[in-house]
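In what comes next, chain A is part of two complexes: it sits with chain B in the first one and with chain C in the second one.
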Partner chain A sequence: MNFSAIIGYLGMFWDGFLVTASVSALSIAGSFIIGVIVAFGAVSRRPAVRRLARGYIGLFRNIPFIVQVFFFYFGLPEIGIYIDAFTTGTMALSIAVGAYAADVLRAGIENVDTGVIEAAEVSGLSRLKIYRRIILPIALRVSLRPLGSVFINLVLTTSILSTITLNELTGNAKIVASDTFRPFEVYFFLLLFYCVLTYLLSLLINLWHRHLNRFMRGAE
Partner chain B sequence: MIEIDQLHKKFGDTEVLKGISLTIAPGEVVSILGASGSGKSTLMRCMNGLAGLNGGSLLIDGLDVSKPRELREIRKRCATVFQHFNLYPHLSVLENITLAPIDVLGRKKAEVEAEAFALLKQVGLADRADAYPGQLSGGQKQRIGICRALAMQPRYLLLDEVTSALDPEMTGEVLDVLAALARSGTTMIFVTHEIAFAREISSRIVFLDDGVVRADMPTDRFFAEDGGYGDERIARFLAKMRNK
Partner chain C sequence: MRNQGFNWHDPILWAQGLGVSVGVFAASMILGSLIGIFIALCRVYKVPVVAPLLLVISEFLKNSPVLVQLFLVFFGVPVLLQVNITPAEAAIFTLTGNTAAFIAVIAISAMDALDRGQLEAARSFGHSERSILRKIIAPQALVVAMPALIGLAVNQLQVTSLISAIGVIDLTKVGQILNQRTWQPFIVWAIIGVTYFVLSRVLAMAGGRIENRLRRHMDWAGL
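== the complex of A and B ==
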């Protein structure tokens, strides 16, 4: 074992880390927004909206992520649509993970006490306000932990983006490995990076979860 | 003024309200009595727009509950207190009370909060403004429910079996608040099983039986031998409630 061989490449790891972190952060935000919209669609009173949202969830959960990325990155240019690797990756992750996030959130929303929603309705709050101020925060309280797993999975999935020439952590690690002929050390180091990243994310989610559940403290 | 004319309501094939007609004038305190399944709660849900109508009309101050735009206006004037409180579990007591007045009526936060504190004081919960609903007892929750409704400064207050989920001790504390309110001139419509209380505070009793108005008379008359008691169905109901 010789870790000194990769010390000269730490800069590359760091660059890759930054790309992975930014794709992850943007995709988490994107998939959360898509997830919220699709989840509310999935419980809509309008059958057409409901079908559309449930179709979305069904569709994107049933396509291998790598195929979807290849379609965007290698397929779309054939019909004249060019999107760079970073944008493609962020978009594809937001869309695909959005479907998982939507499904988790839908379950949380369906669990919200209808009496509470009715109280908000008769008080005259608008539909949008009821979603934002009442239903979503209550649903998130139970959905946040499973949502956290979905987001951690998202971070791990960013490694697939190395296949579309994005120089994120895994992509750069591959380059370093072939430069140094030290795959064991390089990939061991890579493992550590991912662990740190996902651990930080789970810490954040725990903090948020505690904040959302602050009203449960002291409850009988 | 609440004007209900030939109101019909169905759930699937079951007709729950079979042509209800009622007029309630401002300032009246009306109790709606009846056995379980007689349609009392459904009638209330029609008034605040939680249940749509299948026939007839329901106007509040001339506004039609079945028209979404008019319903929005009705909801500013008409507040509801629920049997199961339905407080927002993730908001503090103060936020529960101030949310709608700030958001729906567009009133200033400082002003609404000052009123909320005054209301909390009235119901004896001034020190619980920062608590969350999960930290309160049932009776306290319901008093907050009443504060939340009153913060809208409603012309009409709908109370749907507000003591049914409380034990007798807590029922007392809630009824005390309501009795004070009834004397203040707010129009109140009670759906209740508390016969004695209905008798004490309401000016008028409406008795529903199987989806129709079986009796609609001043409270004194309803409880008179030749009034409500003269009706065999009502006498049976009252006797049963008294034995409970």
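== the complex of A and C ==
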């Protein structure tokens, strides 16, 4: 093994990292928003809304992401929508991971004490305010850890976007591997890189989890 | 361009792709389970050197993208070791390792969930360690682990779609081939997507059945 060949290409890894980081950040935000909306749909009082939301979760969790991304990447230009790989990838990731996030959040919402919600209703808070200010923060305390592993998976899934020509970490690594002809070293280095990345993300989530649960002494 | 429409070859291609996907899935699940259980036992019995080493490897596998693992095995290993590896071998090898890492976690937590008193009782009745494992731990741990195993199986089925990236002609690769020839992405990817969806549902339902059946033996009928 000889890792010295990679050193000249560290700049390319950095470029790839920036793309991976921005796709990840945007998709985490997007999938969180979709997840919250779908999760509230899944616990709705109206059966039609509930069925729709649960159908969404079931559909996107049972189809491989690579198939979904090809569907959008090749399908959208057919109907006259021309967007680049970055936008398509971010959109597809948000939609797909939104389903996983929704499932985790739904479990958290179902755990919220109904007495708290009734109290909020009696206090005359609007429906939206109850969702945003009461239910979501309480549900997040429970859901954040599983949500964290969903997001860590999202970061790992961004590697699949290299198949639709996005030059993120994996896409750039492919170029480096064929340039240096040291595929083992390049991909091994890349795997370590992803491990460090997801480890840092898990530390961040732990900090946030502790912040959200700071009033819950003894519950830890 | 001629030959753009769908023809009677395409269902055959689809069936072949389906066979390859299911085959790789089944092979990696079976081999992965065996290795995963071995890892779990090494860790439960705290085998020196082997146990911590396996822990490091399985953490590494769980925290990195499967696509890159496939690239490492298919493109990297042949250059490093000067050997030839076919795409299918690389796919089964990688997915087996990946499955094993997850199976090990599930197996360990399932064994942890069992009542310690039972083990002590069995030991004091003179059961050998092997018979305890086979007759007392395994059947109960399997019931506890079933929901997690079903989730893992559904997930691993979808992970098999990544092997198309190293050139295995699986269901996803068949989709790419048909997509490039017919240029009908909505029809092609919808069919491929539905196929995976139905497979996942069937897998989940079959798993649920097995779980119910195993559970029936757990309920004590009473005196």
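What we mean here is this: the second predicted complex is superposed on the first by the 217 of 220 C-alpha atoms of A that agree within 3 Å, B and C clash if a C-alpha of one lies under 4 Å from a C-alpha of the other, contacts with A are read in each partner's own complex, and residues count from 1 in each chain.
In the analysis below, a contact is a pair of C-beta atoms (placed from the backbone, for glycine too) under 8 Å apart; a residue touches a chain by one contact, two chains touch by 3 or more.
All figures in this text were calculated on a predicted structure; none of them were measured in a lab.
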| item | value |
| --- | --- |
| Partner chain in contact with A:163 - chain B first, chain C second, else both or neither | second |
| Partner chain(s) touched by A:146 [first = chain B, second = chain C, both, neither] | neither |
| First, second, both or neither for A:199, with chain B first and chain C second | second |
| Contacts of A:71 with chain B and chain C, given as first, second, both or neither | second |
| Dominant toucher of chain A (residue count), chain B or chain C | C |
| Interfacial residue positions of chain C with respect to chain A in the complex | 59-60, 63-69, 71-72, 75-77, 79-80, 154, 158-162, 164-165, 172, 175-176, 179, 185-186, 189-190, 192-193, 196-197, 200-201 |
| Chain A-facing residues of chain B, complex | 48-50, 72, 75-76, 78-80, 82, 84, 86-92, 99-100, 103-104, 132-135, 148, 152 |
| For the chain A and chain C complex, residues of the former touching the latter | 1, 59, 62-68, 70-71, 74-75, 78, 152, 156-157, 159-160, 162-163, 170, 173-174, 177, 181-188, 190-191, 194-195, 198-199 |
| Chain B-facing residues of chain A, complex | 113, 115-116, 118-125, 129, 133-134, 137-138, 141, 212, 214-220 |
